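Here you go, one structure.
A, B, C and D are the chain letters, set down in written order, and residue numbers restart from 1 in every chain.
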Amino acid sequence: MILGILNVDWQTLADALALGAVYALMAVGIGLVFGVLRLVNFAYGQLVMAGAYALAFASQWNWPRWAGILLCFAIVLALSLVMDRLVFRPLRTQSPAVMLVATFAVAFLLQSVALLWFGPLGKIASSLAPLNRPVVISGVDIRKIAIVAVVVAVLCLVAVQLLLARTTVGLQMRAAAMDFRTARMLGVRANRVIGGAVLISGALAAVVAIMLTVQTPLVTPDFALRDTIVVLAGVVLGGLNRLVPATLGGFAIGFASGLLGGALPTTQSQYLPSILFAAVILVLLIRPNGLFTRGRESLERV
Amino acid sequence: MTVLVVENLEVRYGAVRAVRGLSLTVEPGEIVGLIGPNGAGKSSTLHAIMGAAPVAAGDVRLAGASLVGRKPEDVARSGIALVPEGRRIFGELSVEENLRLGLAGRRSQAGADDAVERAYELFPIVRDFRRRTAGALSGGQQQQLAIARALVAEPDVLLLDEPSLGLAPRIVDVVFDALAAIRESGLAVLLVEQRAQRTVALADRCHVLSNGELRLTLDRDDAADTEKLVAAYFS
Amino acid sequence: MRRPALLAQLAAPCALVVAVALLGTLVSRSSEGYFVDSLVKVAIVVALYVFIGNSGVLSFGHVSFVALGAWTAGVLSVPTAEKPAIMPNLAHFLRGTTVGNVPSLLLAALAGGVFALVVGLALMRLSGLAAGIATFGVLEITHNVLRYYEKIGPGLNTFSSVPETTGLWQASIGALIAIGVAFAYQRSRFGRMLRATREDAPAASAVGISVYRQRLGAFVLSGVLAGLAGGLYVHLLPMNTESLYLDLTFVTLAMLVVGGATSLWGAVVGALAVSALDSFLAQAENGVKVFGGTLDLPAGTRLVVVGVLMALVLILRPAGLTGGREFSLPRWRRP
Amino acid sequence: MTLELHRGEVVGLIGPNGAGKSTLVNVLSGFDRPTSGAVELEGRDVTGWSAHRRGHHGLARTFQHSHAFRSLSVRENVEVAALGTGAGARGARRRADELLGLLALAPYADTPAAALAHGDERRLGVARALASEPRFVLMDEPAAGLPEAEVPDFAAVIRSVRDDHGAGVLLIDHNMALIMDVCDRIHVLDQGVSLAEGTPAQIRANLDVAAAYLGESAVHTDEETTA
């Protein structure tokens, strides 16, 4: 019924679901690192960007598809570890504001490095382009990537969930996100837990890079920058303190922006960012601790 | 055969000298009490031993090896387990998961299942509720879980920070009986408490701390001497 | 505090601005632009400082106020005859109105202040990450609306035909006004109360200070200064929405952080130091002669260097180059 | 739990760790909301008031841990507190200098508060609370960590707040010597319940109090608390 009002077709709905799924993955990537480090990684989008460049170069060199994907993972994971080592680790004891500004700086740094090395014009990552073609399901055209993105995202979320729930390091990561100090005094090794979170978060960034390059094969230095800003808003909107609300927030904002972007006529859809962020601000004013979290934090802490 | 040695320990937070020149030892099979009013420096001592508070001077040794400057996780993995103040249970995790977190402090994962089993035997209630969310347990049950969680690491030294805080007397009995049993198994126990009388009665000896300094040491016979205890607190 | 020491706190940043302006008169016409630009940056960073420095609350949204100020001054000072060419869809009442240089700057400041008041009334209730994201949202919305709403400006087009009145004179007067206002504010009862909330919000409310009201006051004042700076900016060079967006947000925040966010001296030093570096690198990207050789850096080096610098300062010296302290002469410093 | 504080008296609040003393101060000063019950200030119900509004209406507090405005000078710390409750700039300055004299902080007037020694910092907390010329002061462990030798001087300050300023003081501290010395009345709190009330002499003689501290079981309810 609502779909009728918005005049949404199935194609748009599928694309919105896919965007929501990809944003949910980014939200998990950001949320995992926040959990153990209390650090909002503004530079998360640049990890995705690096992965996208890896895919673009692999297509340019005519590497087989699997090799490109492998390169993408290798680059993103290596960059994640370097970021943790050079930036996150020295900043661990700083205030959240300092850490946020620092990752803001890192984001710009990486973007500028990409501009310097690869130029402003961008490269094409074409090896996975066939996924952009539609399939017909009961008379409706749906792009393959929409289905692939949703399936891959669900698989990734399940995998992360299993890792957190069933493995020792996963248990330790959950404990560290609740009370790092106590976890350490029980013998939980900080570097291992943080390293684990950074690696999983990096792997998710690589997956996101693959999904996004299918939809947007032109890779430029600001690739995924706008997505990251939107996802960050979604994550804070959902509630950054816990992974599930953060993921829901990421999905919700991706789905909403996909839906609105597809449903609104062009003259209005250009104001999509305004509508989205106005909604985000409104929700934050009503629920500063997030849409999907229970209860309210106490007043000012003494 | 002294396991834990604290020597001329000095803990400072900025300008505040929380602990001043404290020395004590704990032997295996012994409970040493540390009592005194709030702010006397008891918790700071435990945190300094764990590597979680800044040691300005002095030394902490476990079986002869200095622990000063080590990270908390390394201290835990070298054989000291802490039952922190306020229990610090991970409320959203299950009881069993809380217990499994304690395994992180083991030197070797071999025999972990046996250690968990022994902890269950000591605190049957923890076994009964192992599938529940830890946050749903009562304060006394959480305290038992916190001690069990420390024990599964099979430490040489057990540190307890006010385990009776906020518990009904009936439950305090359970906790203190468990401590006596733990002593029998040969562990060295350092017990920080505010409820003086019971601690003095249980411990092999008890140090009274005030303003970061060791004021006097009481032995078990002093437990009945209320005047001496009152004097230790109110003067 | 003794009067000479206090005077030095105001005089030092002013002297720095004047020195830069004087230096600007000595260089070639083409390099003069860099000096003017750095003085406008001083005004923007000081505006940022008034809020961020005194309140300790992060804002990613201040470039919104700069942008609105630029739009206000720009739209109002394009000659009526040229308006239809660059802004064909302009709202009727703006089409026929053109004001002079100074009124356009004052209106820019007013616009910045009013916008900050509207935004602040709602957002100053937030703190921490929610505040950070919400101010970012304001930037996104402002950028988005200015980019597409052609009734109030050139939209995607570049703001050409704005009289280029911001030279060394106007820029340094603007920077000096910003510094003077910021100094007066931080010495005032309000500035001191706000800094108390920065140091310890619960303790400040315990002594009767309303954290919300003090933050709002500083937010509006910094909006006024940011609007003014935006006006100065649009009178300096032709610009579009992209020059008033993420890059400017990043560079001005970097300047504040590098200089030392908690002092006016830090804001001014940071703005000028990073500007100097940035201008040098910009020159070098076009090829510049240094020590007899030619330095020719690839385009894009500037932001890389500024990014590295900012990250390094945050990691090695989080309080900034000045340590976040006001200027003081060595002999006035206490032992 | 019911507690009354009048102007011109010092009421002590003691009890073991976790007894709920700090929670009480937080509720009274507006940093926490009570689950039930009300807070009245001079006959007015202020339960829903914010902390800064209570500050405006004559209620001041100190904090258990240092809450100094670290980068502000010692004088500015006190001045700001006077400004917060509406004093003019000149009046605030005069008031600050007066209080710095009273609390022996004058030599450090221009030093940043972060550089103070611990004992001086505790006194700065009191000076700041007094800057608003409050009618009631809640002191949360003001003597914690104070060198023993400074306690008598500190007691004199508290008496002067009562006698010279006519304020009512609620004093929480673990230093029994100080409590017994300056309080007119003492409340003993244990596990959130008022255990006893009386003059210092009565409290000293009260066995329940000793029991609360020493851990005898007779005085406790059998209800288990899940703190």
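By our rule, a residue touches a chain if its C-beta (ideal position, glycine included) is under 8 Å from a C-beta of that chain, and two chains touch if they have at least 3 such contacts.
Just so you know, these numbers come straight off a predicted model, no measurement behind them.
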Checklist line | Among all chain pairs, the one with the most C-beta contacts | finding: A-C
Note to self: Can you tell me which chain lies farthest from subunit C, using the average of the Cα atoms as each chain's centre?
What the structure shows: B
Next item on the list: Would you kindly tell me how far, in whole Å, the mean C-alpha position of subunit C lies from that of subunit B?
Entry: 55
Margin query: Centroid of subunit B to centroid of subunit D, CA atoms only: how many Å?
Written below: 31
Next item on the list: Could you put a whole-Å number on the gap between the CA centroids of subunit A and subunit D?
Entry: 49
Next item on the list: Indicate the whole-number Å distance between the mean C-alpha point of subunit C and the mean C-alpha point of subunit D.
Entry: 44
Next item on the list: Quick one: which residues in subunit A touch 2 or more of the other chains?
Entry: 300, 302
Notebook entry, point to check: Counting only residues that touch at least 2 other chains, which ones in subunit B make the list?
Noted result: none
Note to self: Among all residues of subunit C, which ones touch two or more of the remaining chains?
What the structure shows: 202, 205
Check: Quick one: in the complex, what on subunit D touches subunit B?
Finding: 16-18, 116-118, 121, 141, 144-145, 148, 174, 176-177, 180, 191, 204, 210, 213-217, 220-227
Notebook entry, point to check: Mind pulling up the subunit B residues that touch subunit A in the complex?
Noted result: 50, 52, 71-73, 75-77, 81-82, 84, 88, 90-93, 97, 100-106, 149-150, 153
Notebook entry, point to check: Across the complex, what residues on subunit A touch subunit C?
Noted result: 40, 87, 90-91, 94, 96-98, 100-102, 104-106, 108-113, 115-116, 225, 229, 232-233, 236-237, 240, 270-271, 273-274, 276-278, 280-281, 284-285, 288-289, 300-302
Margin query: Which residues of subunit C touch subunit D once you look at their complex with the stated criterion?
Written below: 1, 189, 192-193, 195-196, 199-200, 202-211, 262, 324, 334
Notebook entry, point to check: In their shared complex, at which residues does subunit A touch subunit B?
Noted result: 168, 171-172, 174-175, 178-179, 181-190
